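Across the two complexes that follow, chain A remains constant while its partner is chain B and subsequently chain C.
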Partner chain A sequence: MKTIDANKLYYKILNDQIHDAVDSGYRNIAINNVYGQYYIGDGLMQPVKIDINGIPGNDLGIFMDGPSIYVHGDAQDGIGNTMSGGKIVIDGNAGDVLGYSMRGGRIYVRGNVGYRTCIHMKSYKDDFPIVIIGGRTGEFAGEYMAGGVLVILDLFSEINTYDCNFIGAGMHGGIIIVRGKVNSDSLGREVKVTSLLQEDLLQIKEYLFEYCQELNINYNNVMKSRFTKIISATNRPYKNLYIDGFLH
Partner chain B sequence: MFINVSNNLPRDISGCGISGFINTNGRRSSGRACVDSICMMRDRGNGLGAGFAVYGAYPEFRNYYAIHIIYQDNKAREETEEYLSTKLSIVQRGGIPTKKTKNIQSRPLFFVYFGKPRAQSDVAEIDEFREDQEDEFIVRLAMKINENIKGAYVISSGKNLGVFKGIGFPEDIAEMFMIDDYKGYCWIAHNRYPTNTPGWWGGAHPFSVLDWSVVHNGEISSYGINKRYLEMFKYNLNLKTDTEVISYLLDLLVRRHGLSLKEAALAFAPPFWTQIEKMNTDQKNKIEKIRRIYGSAMLNGPFAILVGFKGGLMGLSDRIKLRPLVVGQKGDTTYMASEESAIVGVVKELDRIWSPNAGEPVIAKLKPAVSARLFGKSNKTVRV
Partner chain C sequence: MKWFKKVHHYLPPDFILERADDLCIRCKACVTQCSFDANFYDQKRNFIYTLQQNCVGCNRCVAYCPTEAIVVKNRPNPFREHSHWGAYYISGIKRRAYYGGTPVKSMGNDRPFPIYWDKLLLNASQVTNPSIDPLREPMELRTYIGRRPKYLKKGEALPPSIMLQTPIMIGAMSYGALSFNSVESIGRAVTMAGTFFNSGEGGLSRDHYKFSKHVIVQVASGRFGVHKEYLDIGSAIEIKIGQGAKPGIGGHLPGEKVSESISQARMIPKGTDALSPAPHHDIYSIEDLRQLIYALKEATRYSKPVIVKIAAVHNVAAIASGIARSGADAISIDGFKGGTGAAPEIIRNHVGIPIELALAAVDTRLRQEGIRNEVSIIASGGIRGSADAIKAIALGADAVYIGTAALITLGCTLCQQCHTGRCAWGITTQDPFLSKRVNPDIMSEHLYNLFNVWSLELKEIMGAMGVNSIESLRGNRLHLRGVGLSDRDLEILGVLPAGE
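For the complex of A and B:
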């Protein structure tokens, strides 16, 4: 177990120390007094566990492929930017563009997140990103999304109809699953609501279970509700912007 | 706040950083918290601009306009002072205190003048500078200096307000102006990463006119439209940076046209027509009116701004939240910044911390009794 005090440590030095600790064989790292240092966990490929006490800066877990990062509090913008694998668990709220261009792994958030969650998220072969949000998202959730699953549980609101503008704007792949109903005015132009199939549920059940375990949430209560599934209405929403027959 | 920082960054993080706070009971505190907060986001800037605005900086001269001017040389100073002496009754003047700072090699001259408009001597002048319209007088005066005197720029012109800014990282600018020695009930700060306008002393933020001061993260794509619109109302834009339009638009919409601050925010970041369609008739009429009349005051492009005004502090982001803004509350103090870490890094155990929605103004106002004490009962503050 390696403990790093990040108080007043420049982000580059902090990240060098984390990489050094991983390279010298540590598999459990705790970082205390984190105040906004960028890129924590950047590009790490090993299955290490990193505990963060304080508030990690933007682009937490950028490019990483393997570690499990636990944030004991809030986090900022750009979490899991272009991340390929591993897990980020946030026991608080998070900022804008969470899961930006994410291509694999899981991000679990207890509270609310900001705008453009999972923008440009994509999947390919075995790489399949999963993002589960306990609270609500800001507008443009799943914008330009191309693959993977975004689950919005909205656990803390009294209203059963999810209302948040521009859900799935420009989306052309992947699925968004919302607990409860979704106000149809909230949808972006490129998506539609369909019924949730048994196989969809099977696909995400193990992750929901893991989410509930990680964040100490009652799984059965979560599963009692009905879910709404949102997918793209067409797989080429911007077809009309291109001239047919041309290579792009 | 971070130490041992190398300037040899492997990656420019950029983005501009903004931070500010207000104590709604008017309790003044040193600039330390504000400096620490903006320095926690040091990498959001690149050393080409930083600055601070302090409300409550000059209590002993609170009934006089505090005109902060930067001069390129003594010739500009002499010319400006000669002009000022015909326009203002100056009760106190002097160089703004600075100290030698290792990282700041060259700098202009900084002066402050405390004064009030003085009676004009001939009819033509009276026509232009009406002594009884004090605020308007001061705005025109600032415009005239910025436009006509080479190498002289009015940096701030409010009462009990001082703006200190220049080229450097925030800690350098804070050290040079000895920001720790000032006390204010409201502070705003900026760390600049200029993208499409030059990094120069007058182009650093905050931008200020009268009691307005603005720090901005983002870029105003509508600058050309906003500029031409402002020019119709005799604002001259000479500071070579998009943010300048925001301070003048606030002055025009709120002080001159009597809009409330929230209405001005609606003009800056109006809802989409599709959203307006869904509103009730009253709301719809109001917003349609604002969109029609103030279409040229709309700020297009990404922005998060903090606005210091007479009696308060406002935070606002663009209508699709292309720039970050976080608000924290502890007791009678409200904090606003680009990053949550810049708030929790300087104040422990906040009562509440959240990110406001896109285009939703967050306004913290001095309590009425405090306002009355600071500005006098007859002196009206901004309608929110």
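For the complex of A and C:
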């Protein structure tokens, strides 16, 4: 167990210290007094556990493939940007573009997140990203989404119908699962609502269970409600927009 | 195949394929070679017919016809002559109206905009400053791409840079747009020539990881195939903000071209459209750009230079100044004549500005601000020969990217059908049958020859100028003179008129 005090440390020095600790074999790292330092966990490939006490800065876990990061507090923008694997658990709220172009691993957030969550998230074979948000998302959730699963639990609001504009705009793959009903006016043009199948539930059950365990949430309460599934209407949304020059 | 004319959807063919019957030996090479179904053989009549409207003018059949029986001609204007409404505009309107979509085209802008390279002339030494014979005296073409700090503290290492044996690199063309064999040919050629190629935004096939020492890996808005290993493989990393052929719009690899192998490199399911959003959604400002640059530097532990590629647009100088201050090690500027694997025709033909003016403006601005040394500049977008390359260097570039010129070496005839994925020359297709038409053993040799000959030509020109190092030519606009340019053009280019 290695403890790093990040108080007044420039991000470059902090990240150097994290890399040094990982390279010298530490598998448990705690970072205290984090005040917005960028790029924590950037490009780390080792299966280390990092506890962050404080508020990590932008691009937490960018290009990461393996570590588990626990944030005991809120987080900022670009969490899990282009992340390939590993786990990020945020015991609070997070900012914009969470999980941008993420292609593997899991992100669990207790509270709300900002705009464009999971934009351009994609999956390929065994790489299958899963993002579970406890609260609500900003507009354009799942924009351009091409794969993976985004689950929005909306646990803390009084309103029964989920309302966030442009859900899944430009989406052409993957699934968005929302607990409760979704206001049909808030859907993007390229998506449709279908009923959640048993196999979809099986696919995410294990992760929902893990989510509830990690964040101390009552699993049975979560599973009591109905879920809505949002998928893209086609995997080629812009097929008819363009014409090939050669087809006369 | 359309067997009947549909009058309401009729567009006259662009080309006429003429086959001399007395020369045709019915070998059917033209039938098997045509990937656009223009030629077919009628066994009953023992005759080869042509569907003119399918011909794209790629000249594959002409190259294969053993008796030179085939001639492909441009069809004369099929519409009534009109000085304002040319055939391009009439057929453009009809095509949009018939099919309800915007036409997609490939390669660079083919409209007759002015070419400034052709209005710039180079200098040579006479009497007062002896010229140099490059065949017998040393000539330095070696170029470094990277940041040059104003000063170094004792013991401090230079920032990372890449070393080019010749200031010519191959620009970003993704695996996906190009066939496997094309990338293989390019990779082998740049390895032999000691320079670099750019992987484009589609990731890199694992079979091409062997070119690690000679590849610049690109990170674009779609982040296709971008992961830690990919970043580690590259010798440098390029963030693609824009492309000269389609500034401001994202990429779109049609589902038809996403084969099994492409889906592996891009890490997306087979057959789905690979959509790159227009902006990077984590970059809305120079500060955000800085954030991605340093994220990439952090991920690779500050071991490689980061290049930022932008399209040449109106306020390119101010943007470049911002990029130079954002921590980038090099700026790559792509002019409006640059090529593309697929772009809406309307964007390709009308958006962006010429690289010559953009390059001069950027170099001037960075000099004025005293930060030219902080970044290298790579120019691209329609470099047709070593003369264009050396003019670009004299205008202020450190190196140039070539794309179309490299494809022409591989056999390209500029038929502008890359987006269809049916390239008859096997260059821009994923069809396993067609892509075998590029033989990496032969094509890498050809491409290597091109690098060699252009390098020799650069040395010859430098020798004539009395310059023995490419460094002393960089941004040396006194070696250029303009002909037939307006005062304002000359002012922007920073070049004197011929005779002055």
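Keep in mind that, in the parts below, the second predicted complex is superposed on the first by the 242 of 248 C-alpha atoms of A that agree within 3 Å, B and C clash if a C-alpha of one lies under 4 Å from a C-alpha of the other, contacts with A are read in each partner's own complex, and residues count from 1 in each chain.
The working rule: a residue touches a chain if its C-beta (ideal position, glycine included) is under 8 Å from a C-beta of that chain, and two chains touch if they have at least 3 such contacts.
On a predicted model such as this, the values are computed, not experimentally measured, just so you know.
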Partner chain(s) touched by A:H19 [first = chain B, second = chain C, both, neither]: second
Which of chain B and chain C A:F63 touches, first, second, both or neither: second
Broader residue contact with chain A after superposition on the shared chain, chain B or chain C: C
Contacts of A:Y38 with chain B and chain C, given as first, second, both or neither: both
First, second, both or neither for A:E139, with chain B first and chain C second: first
Touching partner for A:D74 - first (chain B), second (chain C), both, neither: first
Partner chain in contact with A:L241 - chain B first, chain C second, else both or neither: second
Chain A positions touched by chain B in one structure and by chain C in the second: 11-12, 38, 58, 77
Chain A to chain C touching residues, read off their complex: 11-12, 15, 19, 38-39, 42-43, 45, 58-59, 62-65, 77-78, 81-82, 84, 97, 100-101, 103, 116, 119-120, 122-124, 127, 143-144, 146-147, 170, 172-173, 235-248
Residue ranges of chain C touching chain A (in the complex, touch as defined): 2, 9, 11, 13, 36, 53-54, 56, 95, 99-105, 221-223, 226-228, 231, 252, 255, 263-264, 267-269, 271-273, 275, 277, 281-282, 291, 294-295, 298-301, 344-345, 416-417, 419-420, 422
Chain A-touching residues of chain B, taken from the complex the two chains share: 1-6, 10, 13, 40-41, 43, 275, 278, 320-321, 324, 326, 339-342, 344-345, 353-355, 357-358
Complex interface listing, chain A residues touching chain B: 8-13, 35-36, 38, 54-55, 57-58, 74, 76-77, 93, 95-96, 114-115, 138-140, 165, 185
